[in-house]
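Each structure below is given as structure tokens.
Each of the next two complexes has subunit A plus one other chain: subunit B in the first, subunit C in the second.
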Partner chain A sequence: MIEVLSSAALASVQDLGRTGGLRWGVGTAGAMDDLALAAGNLLLGNAPGAAAVEIPVFPFEVRFTADCVFALTGADCAARLDAAALLPWWTHRARAGQVLTLGLPQGGAGRASRAMLCVAGGIDVPPALGSRSTQLRGAFGGHEGRALRRGDVLRAGATADGGGAGAATAPHGFGLVPPALALPLAVDGLPAVRVLPGAEYPAFEEASREAFWRTSWKITAQSDRYGFRLDGEALRPIAPMELRSHGIVPGVIQVPHGGQPIVQMRDAQPSGGYPKFGTVIEADLWRLGQAPIGSRVRFVEVDWAQALAALDEKAAWLDGVARLVALHRAAAIASTASPRT
Partner chain B sequence: MNIALARQPAISLLGTTALLFEPPGEGMTLPVQQRIWALAETTASWPEVREAVPGMNNLMLAFEQPPRDLAALEARLVDAWHATRPLPLAGRVVELPVVYGGAGGPHLADVVAHTGLSIDEIVARHSAPLYPVYALGSHPGYCYLGGMDERIATPRRRVPVVSIPGGAVSIGGAQTGVSASAGPSGWNTIGSTSMRFFDAAAEPPAALRPGDFIRFHVQGVVR
Partner chain C sequence: MDAARRIAQLGDWLAPTDIAVLEFTTPDLRIRLDRDVPPAAGPATARTAARDGAAPTPGADGTTGKSDGHRADRPGASVVAAHSVGVFLDTHPLATAPLAAVGARVAAGQPIGLLRIGALLLPVAAPSDGVVERVLATPGEAVGHGTPLFALT
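Our next item is the complex of A and B:
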């Protein structure tokens, strides 16, 4: 079990998201960096859909109220367990009473912005409509349907291999090369994400279409789990458009009348009516989810085949992680099982 | 432009997560929506489709897995559309008492200004129709309604309101609806009602479904 010690706002319980509720108006929610969550779960031997704590505001502190194996993925936050420095993208063991502190994200301009705290067995909150992700607008899911507060206590679930809650003896002491290093994507030194043009893309002025790919876009302070509002050269439609409300998904880039685009993020509502310039492809949404407020990103145009290839590349990286982790876990279990001489 | 081509449905991609199907035509009509409901029912069982989600005279198909052969899926979808017949869903009628204007309807004055109609005329025109629920979306339990009197249509606000409360009755362009929970909105709020539209623990969680009807009953008008 972990107890939240910080009043740090906006940390929330997230899994890979909620599917099947769009027709009731229920968006998917889910981890902004799904790759960090998936990798954290692999490191711990958890089910792929196990829930973790997503932390966007620092410093953030929790106390372990029981022995627990955990992994830190996502942003490198110079974490400490009591006084001991912890490696990022690594599995660790905490003893009851120890305090985990996450500081400001490290790494300069290319730093990530959200940490994932994953525990062996996953965060055990009751699933709602098939998911443990926090649905902030609907005020359900996650921990009491809201962001975490000081004093909240979260339980760890039982591990897949039959360990107890938090699996205090689960294999640990190994880690990964983060995907930002293993799967880099940058243009002119800026982080980049790939975009499939959307339905209304041809209805924008040619100069706007050209500027979208050629210039950098600043992530403004009005950006959160719902959407990233970008600042750059205004995107101008050839003629004003009023669309009928229609389904949208995380990644869709809407252009309101003012011309500054908004990228829908994981808490996106499931429908909208603004013109769609394009969609950040699912394979790259984690990259954008990690881009800090105030930083700049570039967009790269791709077609359907390239977007699918990017998904394959992401899946292949996770397969590689799974193989590596299997070796580490086997070695860790063997060393635990063998008698000392 | 070739008219025959222009009459074809439009299919566009929402990344690799979903596609959007839009039949030809302007405006929002119930017969088209009834065909959308039929198409949703047909496509929901396709292996590529995780969820078929009706919008306002359009349909989103969320993929189970993105199809490798997109063209084949698109062709099948167009064929299915041409084969659909209107599915005349006729659900229950829900009466919602509304207080128009006042603190619960801060933008009624903007609708007066835009339409040139009196408050009484706007209230009368807004509360007259039996509104079919075309689709759910936006946020948990929210209903998109068809059939609003076009005379009271008012453009979405230039700057969205940071938060409107649950139960807000509002007009956005030629559409009207009732917010199911507090949140941001670009629509013009003209009144308020109290109704619980969503309960995550209920089965189904949304109180209304496409084909149900809402009638707004004038509980009061605050000037």
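Our next item is the complex of A and C:
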């Protein structure tokens, strides 16, 4: 179906994540930008949680070994199908033998960092513990429990309407306004994410707490799917803290002894013992997941009700996408099926 | 009842458009009008409408298209009209350069503009190989079905 031509490491098969396994010490994994994954799948008529390929390193190349309808979401990577330029956040059709090339993310300072390649029917890898996401730490799930490498061949599953793998005749040639534009969030011109203060927040110095919200934080090169190490004004506890290890989830902001915070991301370990300064809200993990290394972000303090409202807003955007795309796909299928002279 | 006259009126309204099927359903009524659309006027084109001076198509919201004063200027020019209601965009929301600037050479099927409906983006495809002569609608404005968007030569 698609054959990986790049040696570029770190691309992986991801779905919406492996929930329910934290009690066994199994982290969630899943797409760093779950909104890009869900939207790409909806464009194709897939279930929102169908598996796709997450690509964080460019250029990235695949060859289609069969006709296939696919969607590109996430970072706008000036994609090409053979020589033809492709629109971002759009559904396309490839013929067998064509090569898809993703270049460097476009968009200057506001660029995203991860592209999603979704195919009609989803990437067909065997589910493990209820998910097709690659669990890199445990080396299972996804494609052979590891990041993709040159020569890997991924198959597309059957589509919901019974079409063959990759549904080469499925509706295509339309797209979406990206959620970064539809649901913008910025402070002083920098991308922002919302944070709930954590259990140990009151145990940090007043000046550190104030600086956390007031200053920008750089995403250092020591950042990946496991966690983002941030660089900024050191966060100082009022007194040194020693905690027992306890359960943590993606989004938790830990502060090790040096005072430079770590945000746990989708491949977070399931437990940790550093003090928890706060938690990036679930609704905004996709924003942080798309922030490139070297860029700066701002944090905005919210309460529980605001965090839930943000989740509702995100769900409402996806519902709107699902409704409009379903109408358009139905019309496109009807016009293909109706006899024309 | 003047249903027959009204159906004839619908037919007249459909005549200058590229709409192939009009279907209208209520709990106790179903009307379906099928037309043979000439092959030259594929989806997203209304090349004859501008050339022979046919009346602009009423948009779905009742507004008329702006074809008066926006006709293709030269013989051989064709007008690309909106195939849907939506907000006309000449540039992808993530891009800074238009999809097809005036003077650009475009290939048949290539998206040269977009119609935005909520979060959805539909392409306005070039009906044939050609050169963009003029952009006839204002980017960011709502357009109706049949509103002229581009003149191609």
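Things to note:
Note that the second predicted complex is superposed on the first by the 340 of 341 C-alpha atoms of A that agree within 3 Å, B and C clash if a C-alpha of one lies under 4 Å from a C-alpha of the other, contacts with A are read in each partner's own complex, and residues count from 1 in each chain.
One rule holds for everything that comes next: a residue touches a chain if its C-beta (ideal position, glycine included) is under 8 Å from a C-beta of that chain, and two chains touch if they have at least 3 such contacts.
Predicted model, so just to flag it, every value in this text is computed and none were measured.
By the touch criterion stated above, A:Leu181 is placed in contact with subunit C alone, subunit B being left untouched. In the superposed model, A:Ala139 makes contact with subunit B only, not with subunit C. By the touch criterion defined above, A:Asp76 reaches subunit C but does not reach subunit B. Using the contact criterion defined above for the overlaid structures, shared-chain residue A:Leu37 touches neither subunit B nor subunit C, since it reaches no partner.
Touch criterion not met for A:Leu230: it reaches neither subunit B nor subunit C. Shared-chain residue A:Trp24: touches subunit B; no touch with subunit C. Of the two partner chains, neither subunit B nor subunit C is touched by A:Leu288.
Greater residue coverage of subunit A by touch, when subunit B is weighed against subunit C, goes to B. By the touch criterion defined above, A:Trp304 lies against subunit B but remains apart from subunit C after alignment on the C-alpha atoms of chain A. Those residues of subunit B that touch subunit A in the complex are listed here as 10, 12-18, 20, 22, 28, 50-60, 62, 66, 68, 70, 135-142, 144, 155-156, 158, 172-173, 175, 180-181, 183, 198, 200-201, 204-206. If you check the complex, the residues on subunit A that touch subunit B are 19-27, 128-129, 135, 137-141, 196, 198-199, 242, 244-252, 257, 269-271, 273, 276, 279-283, 304, 307-308, 311. By the touch criterion given at the top, residues 20-21, 36-37, 92-94, 111, 116-123, 125 of subunit C touch subunit A in their complex. For subunit A in complex with subunit C, the touching residues are 76, 87-90, 106-107, 173-178, 181-182, 317, 320-321, 324-325, 328, 335, 338, 340-341.
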